[in-house]
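Naming follows writing order (A, B, C and D), and every chain is counted from residue 1.
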Amino acid sequence: MLLTKTQIEQHNDALLTQHQRNFEFISGNVAGIDAILKKLTDFQVAIPSWALGNGGTRFGRFGGRGEPATLEQKLEDVGLLHQFNRSSGAISLHIPWDIPKDAAALKQLAAQLDLKFDAMNSNTFQDQPGQAHSYKYGSLQHVDKAVRKQAIDHNIEVIKYGEELGSESLTIWLADGSCFPGQLNFRKAFNNTLESLGEIYDALPESWKVFVEYKAFEPNFYSTTVGDWGQSFLFASKLGEKAYTLVDLGHHLPNANIEQIVALLLNEKKLGGFHFNDSKYGDDDLTVGSIKPYQLFLIFKELVEGMDARGMDHTRDLGWMIDASHNVKDPLEDLLQSVEAIRIAYAQALLVDPAKLDAAQEANDVALAQEILQAAYRTDVRPILAEARLRAGAALDPIGLFRQLKVRDQLVKERGANTVATGL
Amino acid sequence: MLLTKTQIEQHNDALLTQHQRNFEFISGNVAGIDAILKKLTDFQVAIPSWALGNGGTRFGRFGGRGEPATLEQKLEDVGLLHQFNRSSGAISLHIPWDIPKDAAALKQLAAQLDLKFDAMNSNTFQDQPGQAHSYKYGSLQHVDKAVRKQAIDHNIEVIKYGEELGSESLTIWLADGSCFPGQLNFRKAFNNTLESLGEIYDALPESWKVFVEYKAFEPNFYSTTVGDWGQSFLFASKLGEKAYTLVDLGHHLPNANIEQIVALLLNEKKLGGFHFNDSKYGDDDLTVGSIKPYQLFLIFKELVEGMDARGMDHTRDLGWMIDASHNVKDPLEDLLQSVEAIRIAYAQALLVDPAKLDAAQEANDVALAQEILQAAYRTDVRPILAEARLRAGAALDPIGLFRQLKVRDQLVKERGANTVATGL
Amino acid sequence: MLLTKTQIEQHNDALLTQHQRNFEFISGNVAGIDAILKKLTDFQVAIPSWALGNGGTRFGRFGGRGEPATLEQKLEDVGLLHQFNRSSGAISLHIPWDIPKDAAALKQLAAQLDLKFDAMNSNTFQDQPGQAHSYKYGSLQHVDKAVRKQAIDHNIEVIKYGEELGSESLTIWLADGSCFPGQLNFRKAFNNTLESLGEIYDALPESWKVFVEYKAFEPNFYSTTVGDWGQSFLFASKLGEKAYTLVDLGHHLPNANIEQIVALLLNEKKLGGFHFNDSKYGDDDLTVGSIKPYQLFLIFKELVEGMDARGMDHTRDLGWMIDASHNVKDPLEDLLQSVEAIRIAYAQALLVDPAKLDAAQEANDVALAQEILQAAYRTDVRPILAEARLRAGAALDPIGLFRQLKVRDQLVKERGANTVATGL
Amino acid sequence: MLLTKTQIEQHNDALLTQHQRNFEFISGNVAGIDAILKKLTDFQVAIPSWALGNGGTRFGRFGGRGEPATLEQKLEDVGLLHQFNRSSGAISLHIPWDIPKDAAALKQLAAQLDLKFDAMNSNTFQDQPGQAHSYKYGSLQHVDKAVRKQAIDHNIEVIKYGEELGSESLTIWLADGSCFPGQLNFRKAFNNTLESLGEIYDALPESWKVFVEYKAFEPNFYSTTVGDWGQSFLFASKLGEKAYTLVDLGHHLPNANIEQIVALLLNEKKLGGFHFNDSKYGDDDLTVGSIKPYQLFLIFKELVEGMDARGMDHTRDLGWMIDASHNVKDPLEDLLQSVEAIRIAYAQALLVDPAKLDAAQEANDVALAQEILQAAYRTDVRPILAEARLRAGAALDPIGLFRQLKVRDQLVKERGANTVATGL
């Protein structure tokens, strides 16, 4: 299913007067609105293929309706999202859930939908039917070289699929770790993992990056071998210039100051990208911005300031991806909410005047520094986002239009109610 | 030091055009703006006497300048704050730091400053010079009845001081607990505390309430005898109708859902009041709204909805107080920021349409329920707050005026640089 | 598969000399060893039917071998365990995973294996095929009375199955809650749940208890409707004398003082029973005692002291059950380790001299109180447990014998390698 | 006050029969007892000068009695402790609390008491009277080079004092950080700190080490500039070979896997030393082993295994120090308990057979690996520690003798009741 230009225009026309009033107001209050609009237009968030169906927990899963059952349908879902917001022009695939059978056809479909292929994701946290060795006790860390070899080969195969599609990065989330004290020799596990990552690194094409994701816990409940940013940084440093740390917001111990981690990784030139989501307790994989939106803003404030300080391109030099699970919402609505929350945080961060903030910091004027941040955060930037969408041909109110057009019902008609997307 | 009417008016005049543009815009978008303005005008937050000076940590304290050295000066500081925002028309005293020597004169001063005396606070977590028994091992929980008696008598004395001043409630924050396994018999400590609270309860004047505050940890580091809302609720239930639970935002274990606790306490008719602050790690006592403003909004959403459901008066039926510590900011600026953050959350909560939210909830429309909350939260309500201040004769930009008038320098001139407020 | 008397005796004979040396030593150091042995012999821990197979996480499951595929086989597994340690003489069933088809035959089998039927467990956190209403948005809390009715009826059906088998209690673990702010009206959810529980309570047979289990989070990631002991206690209090709180060690926020909760629930006569496991991060469901064995001891110290203070029977007046998941171990070995860890903590708690501890507490002698607890905890009580097993006809070294007899291989021979137990 | 040989001998004689029975038993069960005794004898834990008086919290301090009022008395206290256990033969000084006036005399006194001077500690978290610049907004991170210079000079002065006394290491615990979002530019703070540490590093004598301590939070409540092991490791790596990370057990976010951090730091040759204490909530500074003794054992297991793997000397190649606060106990009794807990964990770690554990790990035999660790941990090693003390001329029961001799009363007689040790 795709939207017609008319559908979008009719929707926008009905909202235009109110929008213009809103946008005119904010334009009068914010300096440099055009530069902000430009940045918002360029800023695209990748959608992971596994976020297009309903997720679950270890206690079970409540299915959704009309989920995409094929890789082509997943691309179509992301293409549809992109029509609504012109902000999600990339898809991130997961192997073996998304093995491309006809890469050329897929690339053509993606081009039609104006989508790029973002980072490829490997999977050594589950056993696949017919697999020679089990990952029950780890993959890249495994005590048995044969198991490590299998996991290395899988990652190299993922790179190969990515090359065919035009992706330029590999994300390795390693579930490896242990559930009980004594299970693992930490040093051996670290060194085995380093050796394995090295072999994958050697197989990277020239232009590629590899992202080493860290996670504090789950599915291993005593130790995780790439457990925090320090460990990921160690791996990335030892591997070389093409290796970076990837930050997933939900992968930290309680109360961690993620924005500081981001700033330091930028300082050390080792921040590679982001997995956006939100959480209250653990890796809850909730809709971005649904629990701690101010933290999200603070992270973006560090990103904007740190990238600008190094002359980085906001849209190309870091990988931006959502990684959430949708247990009780329509996945597409959830993703629209997530993209919106990310862009709100980004827009608010762009409102911070770096010179003023710097002056307050240099004067140790703590109250003023807080005022500067909060003034940006408290600004209602939604009309700016809407204007950026309007100019790009997307919907003023994406969720409103999604519901107005009964998109999910359409998808159910096309696909049937009980289709299930691969993934968690 | 007090502001003159002219000082405020000149300040407001300079900002009026911009304010009017802002307020006109938001008035056009928000229904029932006058009712909201009325509620904001009525809503007053009490300032604790100990928040008027700089706080510290166990590692030391970096002093401020021009702190109030007498109880009269503390009232003057709060009176001054109230001139800036017309939203902090009450002071909360702490005995023995604020023993009134001439209650009649104090009441007169308070009346001049348009201040009420909010909840009285007792102190059995420190030993005072000449005290017969030490609280090293607890007060109301103590194994020795003589120590308990001393702590009970102190609380009754605090009530007496409060009666003289026209306060109508007593807040008991009990630091009692233990630092090591085995130190305490939990059941005896609970039962001793209950007995002690009962004797204090019996001494309450007819119109008074007593608030039983809970705290997860600190200054005791293994157990706290009133450690969570469940324990406070147990005490309050057993004591009787005049006993309530008091919620301090910083007194919870990591990740606690405070808004749910608030809703349940309202449901059980046992919520008594609030200590506002913010925190990232423990009882950090940071400026309200400086870390988790969305959580603050969610709490106010429960308060508004829960109080309205029971026909409670927003301004009188719960106690609203700040309890923060100002280690690196000017205390008065910090308090202006805290009051503003509280009122922003309150105003945003008032924007939630209860009927729409209820309909979404009844339909299990999770995405829509989130949209409704976030639409309110993302609204920039600062012009509404400013308008409420303008109408009440306060400053459009309190911190701006505070700095413009060099208030702290004035206070230093009056009091000297090295005055130290009593407190932590 | 069952053990023969000879198998056990041969195993014990080979270890007897060393055991006697160990037991003689500890007997000389510990007063009242016979009373302790008696208590250990009487103390039985129930095994949940779902712990007999391998568990998994939301990221997948690595299967085990020779899992019990029928309810009869589950009983046989527990019977086998009980032969090894004579300490796990009860099984706890879960409906619909363990619907008894022939209750009389099952009771006969259980009698042969010397097993009792412990608490029955209902399941309203998953949808079953053909179910009229979904629990996606809750069960006993649901906004729709028809869904609540379905969940109530299910619980009543579970009671009926339990009656047929001779069980005398129902455990209700309610996953109900919400994933996002706004999804739920907390007060309505609480009140709906109370009403639903009330209908179940009314269906309880005279001699039955109902346990209301609480959990901080998961599978809902924003709020849980029975989220902490305070909420469970509220429900249990309102329901009546047959309703109790059940404590699962993994169901708390970080750093919670569980032993204090236990002491207070005993004080209020509302502690009903336990789900034992261990955890480092969340509800990790690890082997009991594998992460925080000292906390387990402190909990048992409160249990022994609190039950003795009220004249309760250690073996009958509370429900003792394991609730763990075995992702990387043989489930039966894991359960043997868990039962051993529970009994070690219990035995150590029995070594605490209550009079001495009380004297230290009354004198505020914190260092001495700690010495008393640690002296008990540091004592190597394993020979006492072994002696209790020896006298009861069980194995001196259960895991040693389990491996010596290649039990799992036997079970695979009987059942096939790829059988899968129902459960999580 | 010092103990006489006779006092110790009489005490030991009275306990000898029981001890011999205990030691004989354990000797029969443990292989290589003499090697263990040798290691225990060599293993010494440094006592920080500030742990000899009572500590407090930000809410106040309950004083002790007979605290050491001079540096000489502090040495005497540690000398006395060392007589009791022959395991605390070093003292760690803090400048400016312990500025040596006559280094030669102090060295002589230390030699008489058989004490070494362990790591020196600097203090840039408090302002001293007459100090030119305040550390309110940081020290080594400060935006003002003059403040940084003052803090650098202070550290260099501390090195100088250390050289005079024969210390060979400097511990830098940096409280620097921020209390509010926006207060700090994280990158500038990091880079300033690096530059400052570099200047201190350049002033290190040839044989010295510098330890960079990290801490998650407190006294700063939003960010800490050396906030986790990753940041400390970054600094230590950039500084050079003489710079190491120091691990304080209480300085982590909730649920952190400290033993894994230790293993990785050893793997990277950057572990420098330890501050021992225990905690339940934050940096509670409780008696070592009083809350999580199994975690302490797991840490020592990594230390022993990791040091042995690199051929390190257990006693000399890492710095071992207690860093605790004694709010409700006699500081000397508390320290005796802490040293005992450290040595118990060390002895238990020595009982782990590395070859057996390695074999279990290589076979992914998780249950067996756990059995091996728990068998060591559950062993009652107290008789081994007692034997080591007996052979070294110390007391079989240090706390027992401490109380028998009424040591605190003696100290009060010598010093007066109300002396106060410098420190927190």
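Just so we're on the same page, a contact is a pair of C-beta atoms (placed from the backbone, for glycine too) under 8 Å apart; a residue touches a chain by one contact, two chains touch by 3 or more.
Just so we're on the same page, UniProt names per chain: A, B, C, D = L-rhamnose isomerase / sugar isomerase.
Quick caveat: nothing in here was measured; it's all calculated off a predicted structure.
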Review point. Which contact partners do chain C and chain D have in common?
Key: A, B
**Study point:** Selected pair, greater C-beta contact count between A-D and B-D
**Key:** A-D
Study note, to complete from the structure: Between the Cα centroids of chain A and chain D the separation in whole angstrom comes to 43
Review point. What whole-Å value do you get for the distance between chain B and chain D if each is reduced to the mean of its CA atoms?
Key: 40
Review point. Considering chain B alone, which of its residues make contact with at least two other chains?
Key: 136-137, 178-181, 183, 216-217, 222, 254-255, 257, 280-281, 287, 290-291, 294, 328-329, 364, 366, 370
Check your understanding: Which bits of chain C are touching chain B when the two form their complex?
Key -> 136-137, 143, 178-188, 190-191, 216-217, 222-223, 227-231, 233-234, 253-257, 259-260, 263-264, 266-268, 294, 298, 302, 305-306, 309, 357-358, 360-362, 364, 366, 369-370, 372-373
Revision key, fill the gap. Seen from chain C, its contact residues with chain A in the complex are 55-60, 62, 125-127, 134-137, 175, 178-181, 183, 216-219, 221-222, 254, 279-282, 284, 286-287, 290-291, 327-329, 424
Review point. Can you name the residues of chain B that touch chain A in the complex?
Key: 21-22, 25, 28-29, 254-255, 257, 280-281, 287, 289-294, 328-330, 333-334, 337, 344, 364, 366-367, 370-371, 374, 377-380, 382, 399
